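Both of the next two complexes hold chain A, though its partner changes from chain B to chain C.
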Partner chain A sequence: MVESSDYDALLVIEANFDGPPGPFWAQLQALLGERLREVLRCCKRPMDSSACLYDLVTADRSRRDPAPFLECHVIHPKAFFHGNRGLPRERILAEQALAEMVEDRLKDGSSWNGQSSEEVRQALRSELMPKFDWLGNKPATRIPLTETLLDWLKLAALLFAVLHISLVPGAVLAALLGDAALAVLFAVAAIPVWMFFNRYRRPIETVGTSSSVTLLSFARKNLIKILGALAVLFLLSWPISASANVLARDLAWPAAWQASARQLAWGIVWLIAILIPAVLIWMRYLERHDSSQDGPETDPLVLRQMREMEDWIPQNHMVSVVSLRPQIPRRAMSYIGTPLIHLALRAAVHDGYLGSMRTIHCAQWAFVNNGSRLLFLSNYDLSWESYFDDFIEKAHEGVTAVWCGSVGFPPVTMLIEDGAAHGRAFKNWARHSMSPTRFWVSAYPNLTVDQIERNNRIANGLCAARLSPEAARQWAEDL
Partner chain B sequence: MTRPSAPILRDRTGKLKQWAMDRLRAALPGIFAFLRRVWPIPKIGKLHMVTLHDDVREVLLTDTAFKVPYAKKLADLTNGYEAFIGMQNTDAYRSQLSRLESLARPQDMKRLADTAEEKAEAIVARSGGRLEVVDTLFRTVTFEVLENYFGVAKPEFGDLRIWSTRMFEYQFLGSDKSLHEEIDWMAPALSAHIQDILNQRRNNRDTSENDLLGRALAMQRQEDEGWDDAFIRTMLSALVIGGPPQPPMVLPQALEQLLRRPEALASAHKAAVERDEGLVFGHIFEALRFDPISPILPREATCDCVIAEGTKRAQHVAAGDKVLAAIQSAMSDPRRIPNPERFNPTRQPHEYLHFGLGLHECFGRHINRAMFPAICAPLLRRPNLRRAGRSSGRLAYEGFFPASLTVVFDQA
Partner chain C sequence: MGGRPVSERNLDGSSWKLAEPHAHQVQGMVVSGFSHLPISQTLLLRFDWDKTVRGGAWLEALAEIAPVTPADGKQDSSASLGITATGLKKMGLSDEILAGFSQPFREGMFQTDRMRRLNDRVGTQWSECVIDGGPLWSANTPPDNSGEGSGLLASLPRRDSVRVVTELTVHAILIIHCTDAPEATTWAKETAAVLKRCDVNVVRAKETTLGFDDEGMVREHFGFVDGLSQPIPWDEEAVRDAPPAPDPIHGIALGDVVLGHTDGHHETTTGPLVVPGNNALADPDDPSALDLLFNGSYLVVRELRQDVAGFWNDAERIARTMGTNPATGGQFDGNWVGERVIGRSMEGDVLRPDGVLPRKPVSPPNEAHAASSETKPVPDNEFLYWDDDRAGLGCPLGSHIRRGNPRDGLATKPSQTKSLLASSNRHRIIRRARKFGPYIEDRMVDDGVERGLIFAVINADIERQFEFVQQSWMMSPSFHTLFDETDPLLGPKSNFSIGAEPVRRRVTIHNHTKLAGGDYFFLPSLPALEWLSGL
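Then we have the complex of A and B:
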């Protein structure tokens, strides 16, 4: 239940499950039955087309299943990070049982003295095979190559769409004006833009932190990749632009190719020299005029409720809802940036860890209330304090990028700088935005992300019929 | 009166008709899959069929709008008395059901299972490695155990197996003139037979309470309201008609499905050998999902209403319209059933609708839950269980009823 002084309480049912959603809802319904209906009766009648279903489900003595109504209100996260991706619950539990058995067998270390890693592994494999017959099979690929390729393709497509649309104004101007006129026009526009950019790009005195990564340093570090991306953008946009020239200007194909190459080149110049710095200046203007909330008050009773529910098991849960600032570039950044982050995480993260953060089971961001609020839900290991310390120390740029458009967020510079790096202010702000998680269930409550990955490595090692001495030694390091 | 040696199933279905019925049965999963995707609530005239899991649940659970259409025929079988099987959710219904439920006790189930397994084991053991299962095993054991449990012994003249099966056919599967003629004398005969037993027990001052009839008499002796002879007769008739004919229909179909799936059969064998009764039941129930006793359950609209209201497929149903709830389709609906094409003996209970749902969920579900694995386990435990050669190793039907299936196995 997410409570807020500006909105009525929001009932959130977070569901992280294996398999398709339909059977999940049926299972939830079978498990909770009438209690689910009782919960829905406490909610307000929706004003959209699901109102009819709501009435049917919540009517006195109703027997209508609540699942179809709940399905009408599913919100898919715009960004989702899954820690142990590719490992279904059954496999995690099976590998846990195996790892415990291995640990048990290795308790008496003396009996294994003098044996090589491979000998130990082979002995354990033979001994455990009858109980875990799946050790004889090749472990299922966690993330199939096709899925990864598809993720990269989606990321590239979204990135291409955004950049291609962005360079259209420059390309259109190039079609209307000659090179000399265009050069003068762009120079006249770019010089003040860059002057302003240079003037305002640094944080103001009270905002700057010792954050080492800046947007520009990030761009410099990835210059080759950025140039490569622009080249790909040029090549992919070329046929589109040429076709547009053929259709709109009635050019022959050879002339259309030539004209579109020129237009695209100017389009890219427009993108880099004018559009991106101009947008960043706009963002900087907003950032410099933002009001942050340095000392947000958290209701002591709510805070106590949250703390009482934390740290019972190695895992914890948090829910937070923040209002988004209304400006157009902010919203545009959020709506475009969040899916880009989601796709980038899916495409790039395959080892179960978010960079050096090794504590996140699931983290998801979703827009609620007509996109006016950002909901964040997370299952993580260890305490809330250490989780946020990790955010602050290891991933504050990404966290700032996601939350920089939120009301009350600590002051930000250039989208990713500062913000969450203001550790204490960020923690206060986060606590203020949180609500107690009234009820949550973990499918494997005693396992951390790290343990799951370790168990997986042990199981995969035991599945192999033979390992090289080096691989066996690496495998043994997990024991 | 029928002679004990008379065939239990009527030989009334022509070969062509039987062939068509068999093909239709085999094609049902495909037809349902098509309907779920393209036309989830088909309507022909005043007949509607719901095929999606959600809609089937809605129809079965909304007993105020969709009643069971069994009352009229049931009255023919019970001399005009109403029985809970065909009633709406009234005080009379609840009273009748609670009285009946007070007779069947949870502790009976183990006794039923033990007796069924003992009898099944004896039959399988003396079969010599080749066994026709439908009649010799499933029907024999079911009737022997349930006759004993109900307290309705075999009649001196006639065969309870035939009476019960004929009346089940009349009640649930349709009727024709010859069946009607048989019912005209079988129903009174069954009623009279039960009355004879009641009188005999009273005359003999038999106060045993080992069976349902004995317990009902005990209630009568306590002069509890509502335990007159007519009530006891009607309830026992309903049980005899609705209960024992089902396992000989269900279990051969389950075995046939297992025989088609060697891995599932091996897994069922393992469960039976390890005496994992729950898992054996899981195999039977899962096998039946692919070929349930009835692919549809009929209902009749009591008022003008809308099925799947609030969705795009919402369909108006007029009072008096027939509605078929396709439970076979619902149990294969991938929108709610995970991997429906996969044989999974450890599915969750809500994924099955074999016993119906809601007000008219099968009264005998606990009895069946106890007896199904008990009857099958001795056979499943046998090594190398397989079909007999030629056509005898295939499940043959007589109308809607499984007629024969012969299996062979290695002698342990």
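Then we have the complex of A and C:
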């Protein structure tokens, strides 16, 4: 239940599950159906077409399954991060049982003296094989190559769409004007833009946290990749642009190729020299005029309720809802940036690390209330304090990028700098946005992300018929 | 003991000093371990005055007999003072001013949720790491029930709520440091008499010492050289002769130990503003207003009792079950086990896969250490874990020093070492522990004498520093992908894994260090003390 002074309370049911949704709904219905009906009876009747369904489900003595009504209100996260991706619950539990059995067999470790790691592994393998017959199989690939390729493809497609649309104005101008006129025009525009950019790109005095990673240093570090991406952008845009020339200007194909190459080159110049710095100046203007909330008051009773639910097991849960700032570039950044971050994380992160932190089981960001608020749900390891310390110390750039468009967020510079690096301000802001998690079930309550990975390494190692001495030694370090 | 103690460099923090005006304002205890004043008296005070008495009167009396010493130079004796939240309240500090102090301080160490996080008490049971019957003393902070009994949330059942009341209520801690025991005893007696006249009673007193051995090293009761590793605070302006950059291994922001300076999370704590003679928040524009927290700090005190014979008998028992040591061909012994528990040798050298880290030869004495020409090499504390002992084959992953400060050891890839060292350092604390009780004669035979450690920690953010270390490192069963084990020195009975080849050794170790009392104290700056004495 998320309560706020701006909206009616929001009932959030978070479900992270393996497999297709069909069986999930059936299980939810079987387990909680009648209770959910009671809960739904306390909810407001929706104004959209699901209202009839709502009436049917909540009517007195109704026996209608509430799941279809809930299904009408499913919101898929715009960004989802899964720490132990590719490991279904069954496998996690099986590997935990195996790891426990291994520990049990190893006892205090003294009886293995004098043996090599590989001998230990072989002995355990043959001893445990009858109990865990799957040790004979090759472990299933956690993330199939096709899935990864698809993620990269999706990421590239989204990036391409955004960049291609952005360079159209420059290319159109190039079609209308000659090179000399364009050069003058762009120079006249670019010089003040870059002057302003240079003037405003740095943090305001009280905001700067001397972050080691700035947007510019990030760009410099990835210069080769950026140049490569621009080259790809050029190549992919070329046929589109050439077709546009054939259609709109009635050119023959050879001429169209040539003309579009020139237009695209100018388009990219426009993108780099004018559009991106101009948008960043706009962002900087907004950032410099933002109202952040320095010390938001958290209701002491709500805070107490959150805290008394926390730290009973190694895992904790949190829910936070924040309002989004209204300006166009902000919203555009949130709506486009969040899916981009989602795809980038899926494509590039396969070992559960966000920066150098690995304590997140499932985290998701979704837009609720018609896109006016950002919902964040997370199942994480260790205490809330340590989770946020990790955010602040190990991943503040990414965290800032995701939340910088939110009302009250600590002051930000250039999208990723400062912001969450303001430790206490960020923590206060986050606590203020949270509501107590009233009910929460963990699929494997006693395991941390790190331990699940460790169990997985132990299991994978035991599945192998033979390991090199070095690999076996590394495997034994996990025991 | 001839000459200066060799561990002074670490103990009294002579590697950093405060610049003026801060040195005049900050309490000496923050910058110095007072290794030249090895004997101290720790007095726990309770305010017993009635309503007619002025809350600041006792501070005026105290200033006559035991003035709190600033951090501006070496003194022949020294006094440090911390006050609990209940103490400040008893002194009459208004609620609106108290609200400007940090939440953990206001709630106290024995708030329900905090006890669970610190592993002192879960649900209705005291943990095994607390003495039987629960702690003897605390600030006895009443739980904050504001807002309860009204509103929508009030009807929900409470998951965990308990009010802990200890036998002794402590409102302040006074630590006096002297060169010898008679001086300390006399001074403590005189001070107690003066305080008594102000209706301030000493409810618990302990003679505490640093305890140097023949080599000039500080040893705690189990026999280990202690106090070797301290952070080195850095601030461009407020630290005197600050080097251009913080120490690469032990550098932290000054704001992490002294309030009002930039801290490790790029923030500056501002406290409630007050003006002399007015127990209400001051006009923020008033140029004479004093920030009550500025140049103060928070002091965490935990009185820990050590069962020395229990520890060493346990270590011997474990050693006997471990069979022969493949490295030496001989039997494992108690020292071997005890050293793994700590992560350092008895002499203080960190354990490495091939023995211990060799000591660096002593560099020629410079002017700051002119008297130390006779010093021998001391344990090298400038080490990291990633390069030399990633898997914990020397210093076990779950050993006390690795849990207390994992340095870069939590990294799992080379690219993470820098950021993990930096993030570990955001949780560092300054330790000012001193021990009470005599050393044991025979470490295998329980003599029934009470002994232990007054564990004292200086930090600016109790949650991010002391509590984080205790909860997420010391007591976390999932620290460093370990499982089902906690700190082998402080934690309850649990497994303890000792890295070895081909596979780790795993032993069960019992608890021999128990909490006997403690709480959070505010360590006011000298100007703040002066204001408080006007209450």
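Brief remarks on what is shown
We take it that the second predicted complex is superposed on the first by the 478 of 479 C-alpha atoms of A that agree within 3 Å, B and C clash if a C-alpha of one lies under 4 Å from a C-alpha of the other, contacts with A are read in each partner's own complex, and residues count from 1 in each chain.
FYI, contacts are C-beta pairs under 8 Å (C-beta built on N, C-alpha and C of every residue); 3 or more make two chains touch, one makes a residue touch a chain.
This is a predicted model, so every value here is computed, not measured.
Once the two structures are superposed, chain B and chain C can be ranked by residues of chain A touched, with C on top. After overlaying the two complexes on the shared chain, residue contacts for A:30 are found with chain B alone; chain C is out of touch. Once the two complexes are overlaid on the shared chain, A:56 sits against chain B while remaining clear of chain C. In the superposition on chain A, A:87 contacts neither chain B nor chain C. Once chain A of one complex is fitted onto chain A of the other, the partner contacts of A:467 are absent, as it touches neither chain B nor chain C.
Legend: residue contacts after superposition of the two complexes on their common chain; A:389 is shown touching chain C, with no touch to chain B. Once the two complexes are laid over each other on the shared chain, residue contacts for A:19 go to chain B alone; chain C is not touched. Contact with neither chain B nor chain C is seen for A:79 once the two complexes are overlaid on the shared chain. Contacts of chain A with chain B, set against its contacts with chain C after fitting on chain A, share not one residue. Residues 53-54, 57-58, 61-62, 309-311, 334-339, 348-351, 358 of chain B are the ones that touch chain A when the two sit in their complex. Across the complex, chain C meets chain A through its residues 112-113, 116-117, 144, 146-148, 151, 153-154, 156, 158-161, 263-267, 269, 321-324, 326, 391, 411-413, 415-416, 419-420, 422-423, 426-427, 461, 463-464, 467-468, 471-472, 476-478, 481, 483, 499-507. Residues 19-20, 22-23, 25-27, 29-30, 49-50, 52-53, 56, 63-65, 67-69 of chain A are the ones that touch chain B when the two sit in their complex.
The part of chain A that touches chain C in the complex is made up of residues 103, 106-110, 112-117, 119-120, 209-210, 299-302, 304-305, 307-312, 314, 355-356, 358, 381-383, 385-386, 389-390, 392-394, 418, 421-425, 448, 450-451, 453-454, 473, 476-479.
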